[in-house]
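The next part holds the structures, each set out as structure tokens.
One chain, chain A, links the two complexes that follow: it is found with chain B in the first and with chain C in the second.
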Partner chain A sequence: MRYLYYPGCSAEATGKAYDISTRALMGKLGVELVELDDWNCCGATSYFSVRELDSFAIAARNLAIAEKQGDEDLCVICNACYTTLAKTNRYMAESAEVREAVSGALGAVDRTYSGNKPVRHIMDVLVNDIGLEALGEKVTRRLTGLKVACYYGCQYSRPMGDFDDPEFPVTMDKFFQALGAEVITDFAGKAKCCGGMMMLTKEEGALRMCHELLKGAHDAGADVIVCACPLCEMNVEGYQPRVNKTFGTNFDMPVMYFTQLAGLAFGADPKQLAIDKQIVSCDRVVAAIPA
Partner chain B sequence: MAEDRIAVYFCHCGSNIAGKVDVDKVVAWAAEQPNVAIAREYKYMCSDPGQDLIKEDIQQHGINRVVVAACSPTMHEPTFRKAAAAAGLNPYLLQMANVREHCSWVTVDKGEATEKAKRILNAQIHRLPFNEALDPIEVPVNPAVLVVGGGIAGIEAALKLAATGKKVYLVEKNPSIGGHMAMFDKTFPTLDCAACILTPKMSAAGKDPNIELMAYSEVVEVDGYVGNFKVKVKKKARFVNTDTCTGCAACLETCVVRKVPSEFDQGLGKRSAIYIPFPQAVPLRATIDAEKCLTLKGKKCKQPCVTSCGPGAIDFEQKDELVELEVGAIIMATGFELWDPGQDARYGYGRLDNVITSLEFERISNASGPTNGEIVCKNGEPPKSVAILHCIGSRDLNYQEHCSRVCCMYSLKFSHLIKEHLPDTEVYELYIDMRCFGKGYEEFYRRLMDEGVHMVRGRAAEVTDLAMSPEEEGRLIVKTEDTLLGIVRRIPADMVILSSGLAPAKDAKAVSQTFGFGCSGDGFFLERHPKLEPVSTITDGIFIAGCCQYPKDIPDTVAQAGAAAAGALALVDNPTVKVEPTISYIDPEKCAGCHICVGLCPHVAIRYNEELKVAEVITAACKGCGVCVAACGSNVPQQHGYLDNQIFAEIEGAMAF
Partner chain C sequence: MTELATTLEALAVHKQFCEDVLNMPGGEKIKICQQCGTCTGSCPTSYLMDWGPREIIAAFRAGMIDRVVKSNTIWLCTSCYSCTVRCPAGIKITDLMYELKRLAIKYDLAPKDGKAPAMTKYFIDSVHKHGRNHEVELMAKFMLTKDWGLPFKFAGTGLKLFTAGRLPLFAKNIRGRDELDKISAYLEAQEAKAQ
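This part shows the complex of A and B:
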């Protein structure tokens, strides 16, 4: 199995652990990831809110490179990158105006793009290409007894719901169940927004959103929250002290990239998965997994 | 033969056509075409003065062929053909050119629309010289009527028809008639008890000597045409002899399978494998659920039902039965289905306890329901706060675009019932707009505000059990934007009622195909004309009434049922009806007797004449579908009104420039 791989720019900064653990996990699963040449930022939500047409072109540059580089599907790890790239395909298919604008912009840098490169979320690849059964068989360290709250975030399957329900997704739940974990399937915060970039502009609002997530996971007895997006991860993990200060709570909740926890199940060691880089210590989580 | 003198009439249809098509240009062009003697335009051809133009030209100017370029022939072809006939011209020498639905409504550019209109018109100008004069075929009418669906619509239509002395077959798929209305406790806005007004009608329908009630039955095949439908009805096996069963219900108590979720109680109550759906059922007869009964599943059972049944009515050998009916008209009254709110995960239906549907609430609040009318949560406690969420699955582009029309009103009814039972309970109505459209409805809304119900303008965003404050602990929380206060609210509730929209039945499309008419984009049955023929379908002799056409309340349903009954009566009260002569014929000289068409005709209208060794069309059975025409290898069957030379001339006309 081979995929083109788009890490996204967070993966070179705050989300480095996501990239590291993704490579380790996929290595353990025998999936080859070929990093996209000379990729650029997907534009995420910010570009789109300023100049929509330009942002399609920026995202499409990556897709054009991918189309040229290989026939494999493009695997994406960050929810925001995934939504942005998939949305570009969709808009190009639906709107002649977008198609023309994108083609024009790409033409200026001698590139072309058909609009047809399949963009795949890594969770979609794991659950639907490899399959739950095959994953279950490859597990070397089952996550038995570990209570996991899967935090999908607001852009995981919204708005298109290409591979999961947009409002109440379940793929990550099934994934961790296949790995032996006890998943909190009715975790009410699973597809809520973490506050995103609002943490920098309207912190009190974003903190309230994180508070709700943390409380939901905590009250349901979670040992760990797992994420599929660098921004979610940073907000929910890194802002716990401020949530505690603002709301008088006492959270000390381990938060991991889902690839980190899954990596453990497939026999990678914590260092390989950059688990030691987490802000809230995950030693408890690692220790709780039966050897 | 006299020379062809064609008159062309180009209708503006107000601005519907003239807004897009350059009418003057097309008419001037038409006047120049071969065989065209007169070309005129008029604002509304369907109006009396418009029709008079046609009549005058026929009578005074020797016009012998007419083309009206206007709307779809399904709309006004009969109108114009009647006008031609009144002036002494054979109506089949008039053709319509559809320049509205096929042209002005669907073309953006004016120049293109004008060119297209010319081609559409030219096709008919070329065709007309080949048209033959035809005479409608007069056939006898069977005076009986079939009503499909035994909800309030079907019951009402059946009773009305029966009162005129006509024979009515009332086919209902469930063991009892009554439909949704039978499940309600009260009805808005008058709050009369649903059972008190419905039960007498149900039992009247059950007893009427002119009504043959066929419950637990479904129509499986429909053939024939207006005035002469042949219908096959499958009477599903009840495994109880309905002639001897007295409806005493003794068997119900003894059945060993007792925990089957009751469909009538929306799964909130239980029934046994042998059951009567509710005490007022009509017909009041037991039915054995073959999927649940141990004996019928081939398992061991002591069959206490058999021993407890005094009249010995239970019959495990009973089989489905196919009954053939002949009727002159059909009324469809198959109703609606509640939209399944589990499809929208935000509201937690099926996941969160005490999030219930409106129909479930109807059963809970019903004195003969699973809680004997006590409004209680799953734990048996009365709720301290109830939130009623409007527009679930309605007015939502993700699901159904339409407004379901009755849910605002039934939601208000629920508020009233809750306040009546539990005066201290807080009730919240979360609405987008309050649509209280009927007689006494706005007044009812006002009354509810006086009863202390909280009206919150905002579509609910989500129902969660994630408590964020002590007072929310252990309860449901409804999140919404209150668009009047301009704030986001979290409303704690112990019970959340989802006012689900009305959806077309899942099998609506299949049913409409069995009967041979269509559904509209929203999935409900398509009426012939939304304003002027709301109870007719595109198929002559088939009418629709009630919620199978579109969501509506009981008053509108009953009114429509009456209109459908009148429509059916106006048909079956005549000894004969004229049907279109556009049917097929087979020239015995040319037919090679290969049989191909015999097997392909969907209406069994072709028989093989063993003596002459040729196929023959049975005139009375042919529906003019054209299958045989297309199928024959030697091109022998021809259909009047659609002869090969007519079609080819049309194509040539359309492609002429």
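This part shows the complex of A and C:
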């Protein structure tokens, strides 16, 4: 199995552990990831705020490269990158104006794109291409007894809804159940917003959102929150001290990229999964997994 | 901020603004908003907004562009898409918020001291310079110009991020970064031609 791989900008900085653990996890599963050559920023949500057609065109530069580089699907790990790239495909298909503008703009840099490169979220690849049964068989260290709150965030399945429900996604729950974990399936915050970039522009609003998420997971007895997006992870993990200070709480909740926890189940060691890069120590999570 | 009073020039901007919004993909659907309030009820930040998404649509349709662009609403949208997936009329409200931000910047109507417009601008600058967003540069610029207190609030976590290697100081440049400028230049030229 082989995929083209788009790590995204965060994977080079705050979300480095997501990239490292993704490569380790996929290696354990025998999936080859070929990094997209000379990829550029997808544009994320900021770019859409300035020039709509520009944002589609710069996202499409990546898709044009992908189409030229290979026939494999493009696997994406960051929710925001995933939505931006997948949305570009959808809008190119729906709107002649978008299609023409993007083709013209790519033509100006000697590139072409048909609009047809499948963009896949890594969780979609795991659950639907490899399959839960096969995954369950490959587990070497079952996550028995570990209470996991799966935090999907917004742009995992909204607005696309391509591989999971936009309001109540379940794929990550099923994934961790296959790995033997006890998943908090009714975690109310699972698809709520972490505040995103608002953490920098209107902190009190974003802190309130993170507080709600942490409280929900804590009250449900979670041992760990797992994320599928670098921005979600950064806000929920990195801002815990600020949440505690603002709301007089005492959260000390381990937060991991889902690929880190899954990597442990497939026999990778914590170092390979960059678990030491987390701000809230995950030692007790690692220790709680039966050998 | 530009005052949109009753000068002819302001009225022209006004008209262009409305046309631009209605011309975005799916924009004409704004006309069939039934004012049900599902968007505002679904919005995680509506409690902070001067006007909720439903009211912004009502104000826009009533031609109250001042209210639309001067409210904090558009800058508090986190792009969570909750409204978009629930709107019974199929209106892409998140896209509308993007469009309104975009036009507020384009016609110079965005609040000058706003943190969110500045963040947006720095982000784009970083992408054009390197081909990728360099998070550290973005945060540093933002702190220097908009939020001096940030390093202090964030000191403990920042240090941990730094020692964990999660805040690289140097940006990686992609080989094709001039392509992004060329893409923008092409689209700008097309737009100028159309107007």
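Just so we're on the same page, the second predicted complex is superposed on the first by the 291 of 291 C-alpha atoms of A that agree within 3 Å, B and C clash if a C-alpha of one lies under 4 Å from a C-alpha of the other, contacts with A are read in each partner's own complex, and residues count from 1 in each chain.
FYI, a residue touches a chain if its C-beta (ideal position, glycine included) is under 8 Å from a C-beta of that chain, and two chains touch if they have at least 3 such contacts.
In this text, all values refer to a predicted model and were calculated from it rather than measured experimentally.
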item: Touching partner for A:R120 - first (chain B), second (chain C), both, neither; value: neither
item: Partner chain in contact with A:K28 - chain B first, chain C second, else both or neither; value: neither
item: Contacts of A:E167 with chain B and chain C, given as first, second, both or neither; value: both
item: Which of chain B and chain C A:G216 touches, first, second, both or neither; value: first
item: Touched partner set for A:G189, first chain B, second chain C, both or neither; value: first
item: Chain A residues touched by each partner, larger count belonging to chain B or chain C; value: C
item: Chain A positions touched by chain B in one structure and by chain C in the second; value: 167
item: Contact set on chain C toward chain A in their complex; value: 24-25, 44-45, 48, 75-76, 78-82, 84-86, 92, 94-95, 98-99, 101-102, 105, 114-116, 119-121, 123-124, 127, 131-136, 139, 142, 147, 150, 153-154, 156-157, 160-161, 164-168, 172, 174-177, 179-180, 182-187, 190
item: Touching residues on chain A, where the partner in the complex is chain B; value: 165, 167-168, 186, 188-189, 211-212, 215-216, 219
item: Complex interface listing, chain B residues touching chain A; value: 344-346, 351, 464-468
item: Partner chain C, residues of chain A touching it in the complex; value: 9-10, 12-17, 38-41, 43-54, 57-58, 61, 91, 94-95, 97-98, 101, 104-106, 108-109, 111, 154-155, 158-159, 161, 166-167, 192-193, 195-198, 200-203, 205-206, 209, 238-239, 241-242, 276-279
